[in-house]
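For reference, chains read A, B and C in written order, and residue numbers begin at 1 within each chain.
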Amino acid sequence: MNLLNISGSPHVHSDESTKKIMWRVNLAMIPMLLCGIAYFGLNALLISLVSVACCCLFQWLIEKYLLKVPTTVCDGSAVVTGLLLAFNVPATADMIWLVAIGALVAIGVGKMTFGGLGKNPFNPALVGRVFLLISFPVQMTTWPTVGKWFPMTLDTTTGATPLGIFKESGLSDMPGLMDAFLGHIGGSFGEVSAIAILIGAIYLLWRKIISWHIPVAFIGTAFIFSGILWLINPEQFLDPVMTIFTGGIMLGACFMATDMVTSPMSKTAQLIFGFGCGLLTIIIRNWGAYPEGVSFAILLMNAITPLLNRWCKPARFAC
Amino acid sequence: MTNMILTAVLTLGIIGAIFAILLYFVAQKFKVVEDPLIDEVAEVLPGANCGGCGKSGCRAMAEAFVKQGNMDGLYCPVGGEDVAKKVAALLGVAAEASEPKVAVVRCNGTCANATAKNNYDGLKDCAFANTVYAGESGCMFGCLGFGNCASACQFGALSIDPETGLPVVDQDKCTACGACVKACPRHIIELRKKGLKDRRVYVACRNQEKGGTARKACSAACIGCGKCAKTCPFGAITVENNLAYIDFNLCKSCRKCVAECPTGAIHAVNFPPLPPKPAAPKADATNTAAPQNNEKVEHTVAPAAEPQKAPANNQ
Amino acid sequence: MKTFKMGGVHPEENKISTQAAIEVMPLPKQVVVLMNQHLGAPATPIVAKGDKVKVGQMIAEAQAFMCANIHSPVSGTVAKIEPCKDFVGLPKNAIYIDVEGDEWMETIDRTPDIKRECTLEPKEIVAKLKEMGIVGLGGATFPAHIKYSIPEGKKAEYLIINAAECEPYLTSDYRVMLEHPEEVCIGASILRKALGVPNAYIGIETNKPDAIKLMTETAKKYQGIVIEPLKVKYPQGAEKQLINAITGRKVPSGKLPIDVGCVVSNLGTSFAVYEAIQKNKPLIENILTVTGKKLPSQHNYQCRIGISYNDIIKHALGCLPETTGKVISGGTMMGKAISNLDAPTTKGASSVLVMDEAEARRNPETNCIRCGKCMHACPMGLEPYLFSALVKNKRAEEAKQHNILDCIECGCCYFSCPANKPLTDEIRLGKNMVRAWMAEQKK
């Protein structure tokens, strides 16, 4: 007979695990990946593969040779980072190798320097993305046009994102709302299709991996704030519906702002976090140099997450 | 252009001046008058902030020294005699002599001696495991082996031997600060006199249960038979609650008790090997071959033979 | 349907022994009666080696304030009085009794008749509870006579009987409700009378519909017994949560239920109270569930106190299955792992739960991913992840400021943690650390 195990109570555990959570997030991102491949073809697939492979490889190398700890590649968090990073870059041939540098920064600087999963203050995929955006501004803002379905070629013609169009030439050339919803617009390949993102988000909500607070606060704030601006001057500002369906708001609100590690825990703090993300995004979009501000908004809010955790305590049962 | 530079220089200069004045007044207002002697004493102390003296840190210790004005009851175990002399000189009092000590692990419950009767699966922390159950071997006095002592040690002098599951003290690194003594929930570690030529004899057991029960949990437990106490020519050994204890102030390190102990619970460290006797066949050269091996020490009737030159050893 | 407002989890219920009727456990050759089977100071033996004792005879007396009398569960001869190791392996003073026959004290009414009338005054009831050695059977084994002596200046308004049985696996309270509904209601009425409150509320989780139905019907015959169906959610049966669910009141930090006018007793206690007051039978038996997913049979036993866990296992199962990984006394969420199966059972024992090796092993701990699940699961609104860090860094003062002492150790945090961090263990350690720190501050 075995020796009896001894431990303090409780003696049972829910079947939750970090691994399960991470792989479920990966599952939730499959629709976006498929959409990206559908719109941008082989490039999108190659970028995703390179990004995921590099993220896993760098994590394994750092854990094995620098930190000398057992590897945690299997927990799927590197895959999440890899996919999110890939979703945040334009699907051009240039990015296939650039994304590897992004992966190194995301994993090496964004995550492992702080001690690995759970200890990073900033969303690693966004750290990688912003690094690429600042270091390679030309490549990172060269967007492929979306023409036909399943373009099976590596050569792409370049176009612009709706937000870029709006910033440059105003309302005249904007794509229609339906195109924006389905994703038939220019942009990073993971962010274009709102419907794919929503499918993933609903799955995450059902699995209780994310709660509604951050996405709703984020998108709601962006909607209301841009709506106010639009009512003041419809010529200068984009209408609120287009605002939330273009650019990275949907992807950011559902997949990146909700990252467990870098978002606050209590419901109130999550609402504040979402509100801050929405507000900063619209401010950067309308008054900043970049046409898009989701990444910066989320990273800035990541920075105050520890403070939010401190301020917004859960309600105590017994006072 | 000149205008701009001028503006910048002026603005910054004025801001700087304002802050300088502000800081000056704040510093004046909140100035704390402190005995400069505290700084001097703190300077002499080791600065490890280990808390071995019982104060929260070296600074607090320095304050205590100055406030009291003498050395009574205050001793920095880390700095030892040197520091005590220096502090005494600063305070203008005579230093007392005190012998150097070292941490000693009083448990013999190696994986082999105290076989596991169950398997602990909870938080790896001695203080917590101590509240959950008696221990893997069933000995409620024995080492739990999760290394609270090792993590409490500021000097890297303690480590858990993975083979025996017991902590090992590196006597050269040990400063006898007593942090491990406080960290151990079972009070297994004791500060004992380092002894002449680092030789010391001690009972490596804390089990106060009756002999039979104690032996059930651990084959090398002290069973309180009292043979050692009868043998000791100096009256250094007392048996209380089925447990022998050697008073290190009386012990003359004759090692008579070591050979007498039926379970091998009495350890003698850093001694040269005893001359081989027919009665003690196990005390032979095998031990000299493995001077670092803790387990050998415990199983022999005679003490482990350890060349004195060997700098690091188990106790 | 009532419930507490904050946190909570849903562990797998695993109530697999619900169909097993209560059997009587045969007497062993020897029983060992521990002297501290209750919260507080150990009782003092009043018999000596060689004395003949009868079933129900007092063998140890409560001499301290927080203490309870202990009666012999068997008839026979006192073999010895010396320490015996309890189920976690720590020695406790004990009386060993060699069993000879089964001769009961004449005062005890052993007929199955139900005695409904209770003519005793509240003070007499409390005195009799003390005499009969009744303690709370919900796990804390708090001496009943202390609980029912309401201190000066405080007033009880609610009596709550906890029949939630929110712990997975346990079915002893459920079986008692099904087999002894009248007795339970009479016991509750007696306690109600002792406190002088208008109503006794019996809270039952809705996963026991037949018990709710039967109890509701039975309760109609008695004045002031109210059955409250409760939502199935752990820890519904925790004292503070139960009070919150039934009365909406919240016990403030560091206060007792009586401070908000509530007294909570376990269902098993009210059954024991009936037997003690109406039948003169001291607390010498308890109802034990013997259960486990991989066991060939499931049982509920009426079992004399002092029978060893090994004897129970031997009678119920023959021997433990080869793959046994853990044996627990109590439920899976708050029960204690048994390391010494030779130990005797005590008044508070409610189950012998046999877990499989695969089920029992904890998964390795990984990094905290700050998901906040522990915080949302905590029924006290605390932040377990924060305590984990504070305890690791030995920051007692901060842990106190974040109200670590409010923790009821229900285990919801560890249960819900995806990183498998032993949060409940760490918090227990932290509570000890904080108490030590506070004691030092007082000095």
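We adopt the following convention: a residue touches a chain if its C-beta (ideal position, glycine included) is under 8 Å from a C-beta of that chain, and two chains touch if they have at least 3 such contacts.
Predicted model, so just to flag it, every value in this text is computed and none were measured.
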Point to revise | Chain pair with the higher count of C-beta pairs in contact (B-C, A-B) | key: B-C
Point to revise | Closest chain to global C-alpha mean, per-chain Cα centroids | key: C
Review point. Farthest from chain B in C-alpha centre terms, which chain would that be?
Key: A
Check your understanding: Any idea how many Å lie between the Cα centroids of chain A and chain C?
Key -> 49
Point to revise | Mean-CA-position distance for chain B and chain A (Å) | key: 52
Review point. What whole-number Å value describes the gap between the mean CA coordinates of chain B and chain C?
Key: 42
Review point. Residue numbers in chain B touching 2 or more other chains?
Key: 117-118, 121-123, 128, 132-133
**Study point:** Residue list for chain C, restricted to those that touch at least two other chains
**Key:** 336-337, 339, 360-362, 422, 425, 428
Exercise for review: For chain A, write out the residues touching at least two other chains, lowest number first.
Suggested key: 2, 4-8
Practice item. In the complex, go through chain B and note every residue touching chain C. Key: 117-118, 121-123, 125, 127-128, 131-135, 138, 140, 209
Check your understanding: In their shared complex, at which residues does chain C touch chain B?
Key -> 85, 88-91, 336-337, 339-340, 360-362, 422, 425-426, 428-429, 432-433
Practice item. Under the touch definition given earlier, write down the residues of chain C that touch chain A in their complex. Key: 6-7, 9, 11-12, 168, 240, 244, 250-253, 255, 320, 322-328, 330, 332-339, 341, 355, 357, 359-363, 366-373, 375-376, 378-383, 385, 403, 406, 409, 411, 414-420, 422, 424-425, 428
Revision key, fill the gap. Note: in the complex, chain A contacts chain B through residues 2-8
Exercise for review: Within their complex, state which residues of chain A touch chain C.
Suggested key: 1-2, 4-14, 16-18, 20-21, 72, 75, 115-119, 260-262, 264-266, 313-319
